[in-house]
């Protein structure tokens, strides 16, 4: 089982890390979304600073969403999923392996890229550590919740966009607490509000780690039999 | 694979797809070393039957059981399925593909070499799947069967796109599996040249 | 009757003349680049005055401006080679275009970073969405997109053509960068070296700037040749692998 | 000397500028040269393995024959 | 030729309008992107008003980008494209038909949805007509420029994300002039700046109408032969 | 289709894929009413040759010409190509699919009915393509050839996945095309049972 789990996660990471896989692509997309905002709303620095945490999280959500679609879809379309589901791993663990791989190739690089983009949006440097911590706590939830959406829309052409829509409402708590954590830092009361938001983010991630794969496996069974 | 009391029982099976009864009341058995060939016109339900055995399609009615195998594993885990789709990833080379499946399915050491051998893929080992021709892809997807031993093989038109030499190789491959006490259920429109093959004909003769 | 040399090239990359020529050129190029940059650095750091307005930060210019020029030069090389590749289908042209991209991207990155490092003390901000900076950022995106496209398409012949279309489309950005300071009034300096009425910059600064610019250009050329040679070898390896596969296959 | 390194109070900007430039350029040079060595070695190895047969692909590939 | 052109455009519209097709999907996505902004930046009304035109255009661009990927890809993957390219229509006209279909199913509904979303973002009603006009003038450019990106990435797994990245830099002028047109209205000098931006938008659309299909056809030929 | 001086000339053709010479120096001709069958091992280049004739793959060297046809249309526009892929849209029904292709390819009135007839698809007319079995999909994609008459047919393993009755129908369909003065170039590993077929064998015999 462990061998199968690792093999699957490694294969998914490898496929996604290659070009056309989506890993680097997500970061690049994040970058363009963030770069396009100042062009749209104008280069006014205080306004940008105000927008920065929100836009960073929105960019992160979008980049993460867009890479969801292929989590199961590609395997279903080319027939590999039939074979995966006949292997020794229960579907729940298949979903865990795939969500983890998704996080490694999208969530993690996005977190690393975020501070650089923060500079572009004029985010004060002292808020960066909190931003990164909040993102580290929050991004796993994006992949694990996302797995359910991806599973629900598997087998639908263009399921990707539909998955985004199904998943977005569930991303909103992450967004709210994520932005909250960064803004609390500005208020200078990290001790309370910041920590609280961070804890909530962690809790959401933990919960999604359990619920996400269960839901995804159920959705896959319902969709593919 | 040496369990000689291995036996696949299918009884009174029905299949409904898209709200339409494809077949019903199908029963058959197959024992170790036996091959069953599914024939019948297009749309008779050969592929559907194979997918039901593999656990990839819901069973509306009837039962499918495999006795004499590993009691702790379900049928799906004791079966190899090779369907119409190849399940290949364009950027992964032939060797990487087989290695992955060996690791995932828990294949024994040396399985990958056996597989390359069985379908004469060794010369192609370093090519990405994207570069393979139709028949080469098919050979790779069949080679997967050799990567980890499983007693029941479910093959959906396995000889499609293969050239004469590869068909002969496939024949030897299947014969070896049967000789080792395995079971094969294969759907086909062509003659697969299996030694001990019984035929199960699905569907009415085409009328329309 | 057999295939022409250019067609063979794709199959069994072996442009002997280019390899021989570049082999002979490389050592002198490396030496010249190193020497020029070393002398340039000496002038830039030790033997040029601080600017009366910008103080010591003016020394950033000796890296920033050559990087910015080479960022644009790199793209021009790429676009020009792409045009040749599309029109004449000369196989060396798409090798040249592909090899120029990472070098150009690196210089673009440097222009952005050194610009930021200059902007903080001068304008009090790391980044500003002014026309020139934005257009240079877009230049970086174009380089990255171009490289991603190359990497994403398996077959080099097809990748070359698709990437060439992209490179040509993106070429509009070069004049935008060049004239952004003229068309929009921005924070950024207007051109002071390449002007119709001659440079407006002090000769004591012009010397290190010129040396660094020449040095960087030589470095660019050396790197470009090395990367082209590596690329040709990569194709040869690919062809040999495929040939091995087929000769033992069928 | 200390005065030189302090760059008139702008050390924080000037030195990273040169440092990053040196790093990026060195990285690019190193990567380019290594790439060349790796590919050249691979090609040489494959060519040796092929034993010159691959040099005449035309004959190997001329294979159309009418019946 | 005309019959073939119409048949193709109609088929594409029909396929895209169905579920999993992408039409309604794009609007829905637009909606969520715009709805997410107040969550990120807080519900402060004057700030929202300031951001509104920019955010609307950014949302429009993103929604339009996300639906690009399948413009040619779906046909190439299932082999229909081979047959389309052997038909009586030159590839240039195939690209025109497909870009038009893309505009009808994504651009048009987005334009219709924009005023509603404007209200959400607190955009003053008197600016709506100008917003809609600017979007009508600008959105065709998004489809026609987008066609080139879609054509360049055809045959690439996950080409969609790559296509967005390639196309985005070329969307920027539309964004800048689009926002310019709406903001000029705020300044009250529609007569000059507003009209000028609008004319520029129209000019970009016209130019892309010619260049887009040519580029797309060239890219398709390069990619698929 | 009654132009009896129709002739396909292929001379000294070469094909390079993925940087490798697949074949070179291929020459052949085929006249009205003639069929040419391409055979050879997997990876020999049969599919590639068909795609080159159809204008779907670059020609590195050599020429392909069709004389005696419509001088204003290129080869691609005078040819039907049926490859490994089906080109079907899952949500479109059989009838919608054929209607679309009739409109797009400029088929004559009644073409759709002929097509349904030729491949016995009439009973399936209202099913979406997503519901078809492998062989039914193949039949639909072949039925497209009847929708608008074109003199040159390029068929890549057309009989794959078809049951015996459909193969017979395909044979009659092809024979009708040849009798009407058309040309067929078909790649196959099986016997297509074409009347006046010559064979072009690509690639060496398999050694490995």
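The letters A, B, C, D, E and F name the chains in turn, as written, and every chain counts its residues from 1.
Keep in mind that, in the parts below, contacts are C-beta pairs under 8 Å (C-beta built on N, C-alpha and C of every residue); 3 or more make two chains touch, one makes a residue touch a chain.
Worth saying up front: this structure is predicted, and the values here are computed from it rather than measured.
Pairs C-F and C-D differ in how many C-beta pairs touch across them, and the larger number is found at C-D. Counting the residue numbers that touch the partner chain, chain A and chain E have more than half of them in common. Set against the Cα centre of chain B, the chain with the most distant centre is C.
Bringing chain B onto chain F by least-squares fit of CA atoms involves turning it by 180°, to the nearest 5.
Remark: chain A and chain B have CA centroids separated by 38 Å (rounded to whole angstrom). Between chain D and chain F the centroid-to-centroid distance comes to 46 Å (mean Cα coordinates, whole Å).
The multi-chain contact residues of chain B, meaning those touching 2 or more other chains, are 84, 90-91, 122-123, 131. Of all residues in chain C, those that touch two or more other chains are 2-3, 11, 141, 144, 148, 152, 154, 241-244, 246-249. Each of residues 57-58 in chain D touches at least two other chains.
Of all residues in chain A, only 3-4, 6-8, 11, 15, 18, 20, 78-80, 82-89, 224-225 touch chain B in the complex they form. Interface residues of chain B facing chain F in the complex, by the touch rule stated above, are 17-18, 40-44, 47, 84, 120, 122-123, 131-136, 138-139, 157, 160-167, 189-190, 205-206, 208.
By the touch criterion given at the top, residues 4, 7-10, 13-14, 16-18, 20-21, 24-25, 28-29, 32-33, 35-36, 39-40, 42-43, 46-47, 49-50, 53-55, 57-58, 60 of chain D touch chain C in their complex. Considering their complex, residues 138, 141-142, 144-145, 148-149, 152-153, 158, 161-162, 164-166, 169-170, 173 of chain C touch chain E.
Of all the residues in chain C, the ones that touch chain D in their complex are 2-3, 11-12, 45-46, 50, 55-57, 59-60, 63-64, 67, 102-103, 106, 109-110, 113-114, 117-118, 120-121, 219, 223, 226-227, 229-230, 233-234, 236-237, 240-241, 243-244, 247.
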